[in-house]
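Quick heads-up: structures coming right below.
Two complexes, one shared chain (chain A), two partners (chain B, chain C).
This part shows the complex of A and B:
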């Protein structure tokens, strides 16, 4: 078997050609719809864009200098960061604990519970938003329950309050994404040998100890995936903020997320698509940095470290 | 082994290329021989959709052509995309607030010689005209008027004739009337009137005294002292304790609030007239013209027109369509079926709908003095910022300083977005 270059055998060349030919259609689609689009977006960031008239004027990095003085962007970043900071740990922890409970051998009716708990993930987020808007309405069930328990005196306007609206959206997001992550955890927990738990019980471990010392370390690679998906999803949250606030960004910009801000600039009537493109690229860079940090904190590549 | 692999490879490649080429070219061929007109619109209620289908069928028969429909769910984002891609419909709906943007982009045809602007009410034709040229034919209009719940007035012992004719008098009269209503229904159950925290509804206060919240260069200036003073009227209304926003009484909009008996008076549009008659059958109401402000009759009107795409390939058909839906016959058919108001005085005079429902005449007469809902290309940004910050000021007990602070925030937010 020779390894010198000029003798890449005819057979190898044929195999290469075959491989790339089969890949060619998919590569073409990816190139046109992903790579070209991203390159076009980067191109847009340097220009004043009028899409209808197809004019692109070089604007001396004005889009980038506007980034530095944008107050709404800072507020949007704060809202998005706050949102991700609460939602991601909450949904990871709740999904893990629910998976741990459901994977337990002694629980009866596991299949039934798994079915029920998976249902929220199947609903579309727009329908979910409308349902939650009804539940948290001033005359809706939550307010009535709180008043009958006498925790509050008069109904709280959850939908249009600077403090509460974003928190309602958080609750809704956690409720709808926990089942999906719980299912992923369950899939991995099935492989956990039960003998580990038995050995721990002999040594006197209770349920919490078993969770802390056996389940969580075993699930570390899955946790990396869940946290990363969670971060990417929460940083891109748009539709719930849009429906709750009617596209404005909520009372006093409290539900303004970066995606909503990008939408307002991209589809506004002032030819600001270039600025929207800069914001979109900024968001992509931020998500990349945050996910890298999260991955490192969680022990990096699970296979190497466990 | 090797030969069949070669054939397989070439075969797959060929099939893939052919299918990708076919995907793009497939939709080009339709009814060959018949000309096609593409119309763009958004869907409304079932009655509206049925009325539009009737118009389409009539047009297809009269002209022996085919009409294709392009339905938009969010026209302000989808139509510019179609215009950029060159796939816009030949004729499409234009809301009066969206008109300045489309006209500024230069995508509309001048239709001054297709239909005559004199056939329409002056306020409506000017909403769709620039520099004396007409660019869209108004298809129908809705105006705001005051609906009074006669049952509530009876129970509270207030005569309808007591309702003041000006907002200034109303502010003085309201507390007394609200007391009588509270005596009859209990405190906090029924409010005298609604006031929405929405720019479109607060607009008459903001443009009174010839003010313009958006200046000529496009910057937003709602916090100038005259506008603040005029908008204080809205705050004064809240401070009487007799006025609430629909959200404050738990209703989605003022129509639902009025229908469920939460408001004795409601400033709402004629689109709710049919709703009140059919969905709230026990509701007894009368329609009064909107109260005057600063001595002038004023109200808002919301109109939609049919415009023509500049690069349409079937200009003759597009002209015929606009003449049809903007003409006497087409507009009669549409307004009778849907129950909106006609934009042509000649259609309004012979309208069966108006003859059977005299209460709607109040709405029709209001067109003469109503303000069209449009103001350049920055109105949408202003509306968004306004909705964002104004509810802080629309609470009972708010003072002029609160309103000024809220409006300054509105200005800052809107201008920061406009100036990027």
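This part shows the complex of A and C:
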């Protein structure tokens, strides 16, 4: 009895040591690049940063008061909200419908379709954006096709036109995110009991009825997840706008997103890092609020769920 | 008779949707591929034929020959090195942390776990500026470590590994311990090999994230010879402002996709597994 007690605590000590030492490397990275980083970001919001002299100067909340007079910010918020408003519903709906079609038992060659559909997810946004810039350029295939079908008379400058550029980026974003969300839906549809469909068929339900009354209600929790991921993704959109506009957000700020604006303030000519940090935290708060609202809305009106 | 006709009609509709969407998905890649084998004059003249009349591999030859001043091979190797080292570090750190949080008992574990989870909600934009300053102060600007260190762990994957180890059979470890293996030895020799499917799932997604990352290399790398493919591609595009060398840019874009497609074909089931785990949250 007397010997077993120190034995047990020695084992326990070993477990503690292993537990902490296994966690330590990851925790160190998280501490430096997450926790310290967040605290640093908050500190920056109250200061003017001078990168060359390495000084941080208190600036009497000027970073915050600047928010109120920033016209660029309003434009970026409008663009980002418009972008999310179109892209999120579109990507969710297309992903759901494509998953429903692909999950149908009659369909053969699923693997082949999945490989093709998955291509955009595998490709870097850097390469995708260049490919889209190519097909949408003035001499590019899209313009040529529209002209040969006589839909338009002269080529449209999709890449550098205030009317079109953001829309092309939207189309590209929907096109490139649908496959990932479709795969998420598919993974869940595997578990949907086929007998539900069969029962509905006996009651005379057609394919649309089945989608509406069985598949969509069944997938509701997944839809919440897809919508939230979509919101987070669209509100953080950066790569595509940056590459399309060469970092400017142009033409005439029509592709300026909040993320791009943060980048411009922080790493552009003026190096207003303190103000950029305020914008970043503002973006985080906006994303938090919008996702909460979307979650409430999607969970709240569960009429068909009963 | 009527139902047979109906199912046939439905089948045609299903395939029409599937093939139509496959076409929309493949359309940009098809043109990129076609353009990469065309001479520039043919592209700017705006021909609508996919197959070139003057089929040429000159752009691929250019990209692969360092004598022509192309740094493509260098960029390719840089991407490969960064992605491989970054993925390897991630696998060890995430798996060890997940194991520790699931299996080992020590004071403060629960609090640490929730603390780590909370970090998942912080958007990258908030971390971007302070991390840049931290990296600069560490003297790591323009080095590969600037890309690897801040991404050395992935909190989502720590979470995934913890879930995996929660349902991992205990007797395996106990048997190894009875055979005289140390705690650490048990983990590296027995537990990690048995966790291979989960680790492979992590690996493909982490590798892809490193390979496709655009923002960090753009921010941290200053020397052209150190560039990764994603920023290198932009250089190729910018280098020819006068007349866009679309054929060269498209050839390079296609080449950056190929390794990931190969990865996808080999590790197909791990890709699907990863999506599944994500979706189940």
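Note that in this section the second predicted complex is superposed on the first by the 272 of 306 C-alpha atoms of A that agree within 3 Å, B and C clash if a C-alpha of one lies under 4 Å from a C-alpha of the other, contacts with A are read in each partner's own complex, and residues count from 1 in each chain.
Just so we're on the same page, contacts are C-beta pairs under 8 Å (C-beta built on N, C-alpha and C of every residue); 3 or more make two chains touch, one makes a residue touch a chain.
Remember, it's a predicted structure, so these values are computed and weren't measured experimentally.
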| item | value |
| --- | --- |
| Comparison of chain B and chain C by chain A residues contacted | C |
| First, second, both or neither for A:137, with chain B first and chain C second | both |
| First (chain B), second (chain C), both or neither touched by A:160 | first |
| Contacts of A:59 with chain B and chain C, given as first, second, both or neither | neither |
| Which of chain B and chain C A:148 touches, first, second, both or neither | second |
| First, second, both or neither for A:267, with chain B first and chain C second | both |
| Chain C-contacting residues of chain A that also contact chain B | 14, 18, 22, 25, 51, 137, 139, 246, 267 |
| Residues of chain A defined as touching chain B within the complex | 14, 17-18, 21-22, 24-25, 28, 50-54, 63, 66, 70-72, 137-139, 157, 159-160, 245-253, 264-265, 267-270, 272, 275 |
| Chain A partner contacts - residues on chain C that touch it in the complex | 7, 10-11, 13-15, 17-18, 21-22, 24-29, 31-32, 35, 43-48, 92-94, 96-97, 99-101, 104-107, 109, 112, 116, 119, 121-134, 136, 149-150, 152-153, 155, 158, 183-184, 187, 208, 211-215, 218-219, 229-231, 233-234, 237-238, 244, 246, 249-250, 253, 256-257, 260-261, 264-265, 271-272, 275-276, 278-281 |
| Chain A-facing residues of chain B, complex | 2, 5, 9, 12-13, 16-17, 20, 76-77, 80-81, 83-84, 101, 105-107, 247-248, 250, 377-378, 380-381, 384-385, 387-389, 391-392, 409, 412-413, 416-418, 420 |
| Interfacial residue positions of chain A with respect to chain C in the complex | 12, 14-16, 18-20, 22-23, 25-27, 29-30, 32-38, 40-41, 44, 49, 51, 97-98, 101-102, 104, 106-107, 113, 115-120, 122-128, 130-132, 134-135, 137, 139-141, 143-145, 148, 175, 179-180, 183-185, 187-188, 207, 222, 225, 232, 235-236, 238-239, 242-243, 246, 258-259, 262-263, 266-267, 273, 276-277, 279-281, 283-284, 287-288 |
